[in-house]
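Submitted below is the structure of interest, expressed as structure tokens.
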Amino acid sequence: MAPSPSPGPSPAPSPGASSGTLGAPPRFFAASRARIFYLVVLALLLLLPLVSESAAVEAVMPVGLTGSALLHVFVLIFFFAFMSQAWNIIGGFAGQLSIGHAAFFGIGAYVSTICYVHLGLSPWIGMLVAAAVTSVFGAGLGLVSFHYGLKGPFFALVTVAFAEITRLVLLHWEFVGAANGILLPFEPDPTFWQFQFKGKEPYYYIALVMMLCSIALVAWIARSRFGYYLHAIRQDEDAAEAVGVPTKRCKIQAIALSAALAGMGGTFYAQYTQYIVPDDMVVGRVSVEILLGAVIGGAGTVMGPIIGAFILIPVGEATRVIFEGGGTGVSLSTLISSDLGFGEKFVAYLDYLASGGGGGLAVILYGVLLMAVVLGMPGGVLPWLSGLRQRLRRRADQAGG
Amino acid sequence: MSDVYLQALLSGLMIGGVYALVAVGLTLIFGVMDIINFAHGEFLMFGMYAAFFASVLFGIDPYVTAVLALPAFFAVGWAIQGTLIKPVVGKSHAIQILLTLGLSLLLQALAQYLFSADFQSLKLDYADATLQIAGARIGWTRVAAFAISMGLCLALWLFLQRTDTGKALRACAEEHEGSLAVGIDLGRMYKIAFGLGIACVAIAGIAMTPFFYVAPVVGPKFTLVAFVIVVLGGLGNIPGAVAGALIVGVVESVGALVMPSPSLKDLAVYVLFILVLLFRPQGLFGGKGA
Amino acid sequence: MSLFEASGVTKRFGGLTAVNGVDFRVETGEIVGLIGPNGAGKTTFFNLISGFLKPDEGDVVFEGASIVGQKPSDICKRGMTRTFQIVKPFAEMTVTDNVLVGAFNHHRDAGSARKRARAVIELVGLGPQADKLGGELTVGGRKRVELAKALATEPKLMLLDEVMAGLTPSEVAGMIEVLGRVREAGVTMVIVEHVMQVIMNLSDRIYVLHHGEAIAEGRPQEILNNPEVTKAYLGDSFLADQEAADADKAAWRESQAARDEGDGSGAPRP
């Protein structure tokens, strides 16, 4: 995806591979420092729900952003990190840019919800069914696209078309509620098997575990033959094929796995929001939001999507809270058709903008961030940081020697 | 042919004409710079808003706006090429896709912020006038949009064939190194190509405003349809894009008749798209270099 | 039975016949040279026998089984691999990881693959650069990575497309030494080369391709004395050194043309 060093498979401290070189000891310490950092963050995240309403948190966080509101933000972070990690397998590691992952997300949500509503199947089981179904869709899409050698923008376009087709089908299929979607039956006294909870804490831990599992899975892939193969495919398919990488099969496996995870994410979303509807879920904006975390954090790296989500979601939520809190209550249409003079209209319009306009400021920021990362640090934040560290070290070496 | 089908055929051709102008802009940019512009539809949306606000605020007729918009959107395209797109020319497709995707996201959200997510539409005195052809009725505004689009496509084609700048643009599309060698200023050509491409799609939007709603989310559909057309007609092939656009227009409006629900008409277009990509990736009429 | 045998291999691009009825044979343990003037179709022929292009006619047999229509990765699994004239290191991976990808061909487990990769890296003399990124290397280094990746797949037969092109004389000497070691390791090789001295010294047998046809075959000395070859190839190149430089460029263009024909964007993989 980008011509920068990727901390995918490479920096895994391979025993003995580079024991003789000068760079080895600092790299080892850097790696373990990063590990300690991640462990500390994990410990804090595990404890957070216990203290989310404490005085300490209230003192640090902005007003209103404590308790369940705070947990909600973290659920969003974990959820998007998970979805982005799912995308990372096909889009980051294998370098096949999918802009249609909202389709797998939506299908997953619908499958488990239908299983629950019509068959009474626990959403936990439904999640696995969803994974199976979406992986079949993913494999099918991959089979067709890669068999015919679609690459780069053409594969991207097929995924967009696939998502649109999915949306249109869901939108017109009466059995699944068509445009109205499905409202999950409310359980006044939910059990664990119903995957419904009264408080935010269970969702928080479920999302956290899902995110951790996705990290573990991708970390394992990154060190395995499969991971190396995907990285090779992303950099040069012909060269990979020549040294025995079954490129087509690997790409199909990658998209199937990626789709399966995205489908599970769909189930979680359905259970969390209790309401699914095609026009909110299977749209281009969601597809882009799914890939955004990985691209910004570092596509094709293990922690990139996670870092990306931890940057994006707080930035987005903060923007919403700060700029879209008020609102004059005047709609633009009323303003246009009002009898005011042009100057007064303009002033009223400025007021309208100052109070958040029609919304969308967070997404404006997402767009700016995406472009800034693509132009300024094309591998994403993580690779950029490690590149920076190397440059600094090199400079220090030069100064010292 | 029954009247219903004649009606569908004619309205398909009319909207297909507008699609042609959208797609010609996309294919020009692709042909010259080898960049696929995922933000293409967003410029159509901004064209629509330009026409809408010019009309409701200042009483300027959309067809007058169309004339004013040509230089304005050309300048916008020129500026965007010079700043945002320039650094990614010649880079990997992934980088280019992500950049234009980011631009698309930004422009959509910007429109939502500035103009709100509400659907707007213009109410013009002449919007209801229709033209009767055999058993079919076509709104004059649609005929006008068709005529404007076809006229601009033809003008662009003549520009590329006859003028020195046009020939230089085509040379860039053929071979980058060769055109550098004969002293063509590639950077300037890219700006012209992007400017023209953006002007085309914006004017297509303006021409549609008298009969089409405006909202921040109208763009992506047109981007995708333009891709369908460009792939159908052969990448970088302008007459091919026009033919492809008319086919897509007709497939869409006949699809609306055949499908269980008229709003499923797009399904026919996407299925056509995937079939073409899979079985005839060089397009129905041959692409760049084919 | 020969290790490798191509018979009547033909490929047409539109009206142009790039390769026309070529017969080609390699015995176990040999180094076979493939030469020919610019545009003779050497790279196309390489693509045909390595599975990157599908011949219109003819058969390609490796170890007694036809490999026509098989994917390059499957052919590689069988023990035949190739390098590319325009080297293709995985630019974002270290040299070790580059070679590791090849080593995974026969080692599923990362540990033993890594061992294999390290051995190959030593063999081709890349030890000191093992931790550099593929994209950071010099031309000479890239050519060695290209060779090492192929070698790591544990091939019986290796097709080398101009591994010497663009190297300095001392690098050429180093590469010749490496190829000698590869041969001792029991790998059969086919080499396409523009540097005549190299091919004459290394090859046991040579094929000459001209206008897509095999016009001669024999021992290096026979080839040098073959009047037809002299006419087609050597006759034009009294200023061999100077032309070698041009030849590189032309061959590059030729291979680009073949690629463009073969896998234009979005086109079905041949």
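Think of it as A, B and C in the order they're written, each chain with its own count starting at 1.
One rule holds for everything that comes next: a residue touches a chain if its C-beta (ideal position, glycine included) is under 8 Å from a C-beta of that chain, and two chains touch if they have at least 3 such contacts.
Since this is a predicted model, take the numbers as computed values, not measurements.
Student: So which chain is the furthest away from chain B, centre to centre on CA atoms?
Tutor: C
Student: Count the C-beta pairs in contact for every pair of chains, then give the pair with the highest total.
Tutor: More C-beta pairs are in contact between A-B than between any other chains.
Student: I'd like to verify one number: the distance from the centre of chain A to the centre of chain B, where each centre is the average of its C-alpha atoms, in whole angstrom.
Tutor: 31
Student: Based only on mean CA positions, could you tell me how far chain A sits from chain C in angstrom?
Tutor: Each chain reduced to its C-alpha mean, chain A and chain C end up 43 Å apart.
Student: If you average the Cα atoms of chain B and of chain C to get two centres, how far apart are those centres in Å?
Tutor: For chain B versus chain C, the centre distance works out to 46 Å.
Student: Residues touching two or more other chains, restricted to chain A: which are they?
Tutor: Residue numbers touching two or more other chains: 2-3, 148, 150-152, 154.
Student: Check each residue of chain B and list the ones that touch at least two other chains.
Tutor: As it turns out, chain B has residues touching two or more other chains at 277, 281.
Student: Could you tell me which residues belong to chain C and also touch two or more other chains?
Tutor: 266-268
Student: For the complex, which residues does chain A have touching chain B?
Tutor: 1-3, 95, 97, 99, 144, 148, 150-154, 156-158, 160-162, 164-165, 168-169, 171-172, 284-285, 288, 295, 331-333, 336-337, 342, 345, 353, 356-364, 366-371, 374-375, 378
Student: Inside the complex, what are the residues of chain B that reach chain A?
Tutor: 36, 56-57, 84, 87-88, 91-99, 101-118, 120, 216, 220, 224, 227-228, 231, 260-261, 263-264, 266-267, 270-271, 273-274, 277-279, 281
Student: Please output the residues of chain A touching chain C within their complex, sorted ascending.
Tutor: 2-6, 9-10, 14, 17-18, 21, 23, 148-152, 154, 223-225, 228-229, 231-232, 235-236, 238-248
Student: Report the residues of chain C in contact with chain A in the complex, numbered from low to high.
Tutor: Per the stated touch rule, the residues are 50, 52, 71-74, 76-77, 81-84, 88-94, 96-97, 100-102, 104-105, 108, 110, 113-114, 118, 130-131, 133, 135, 149-150, 152-153, 263, 265-269.
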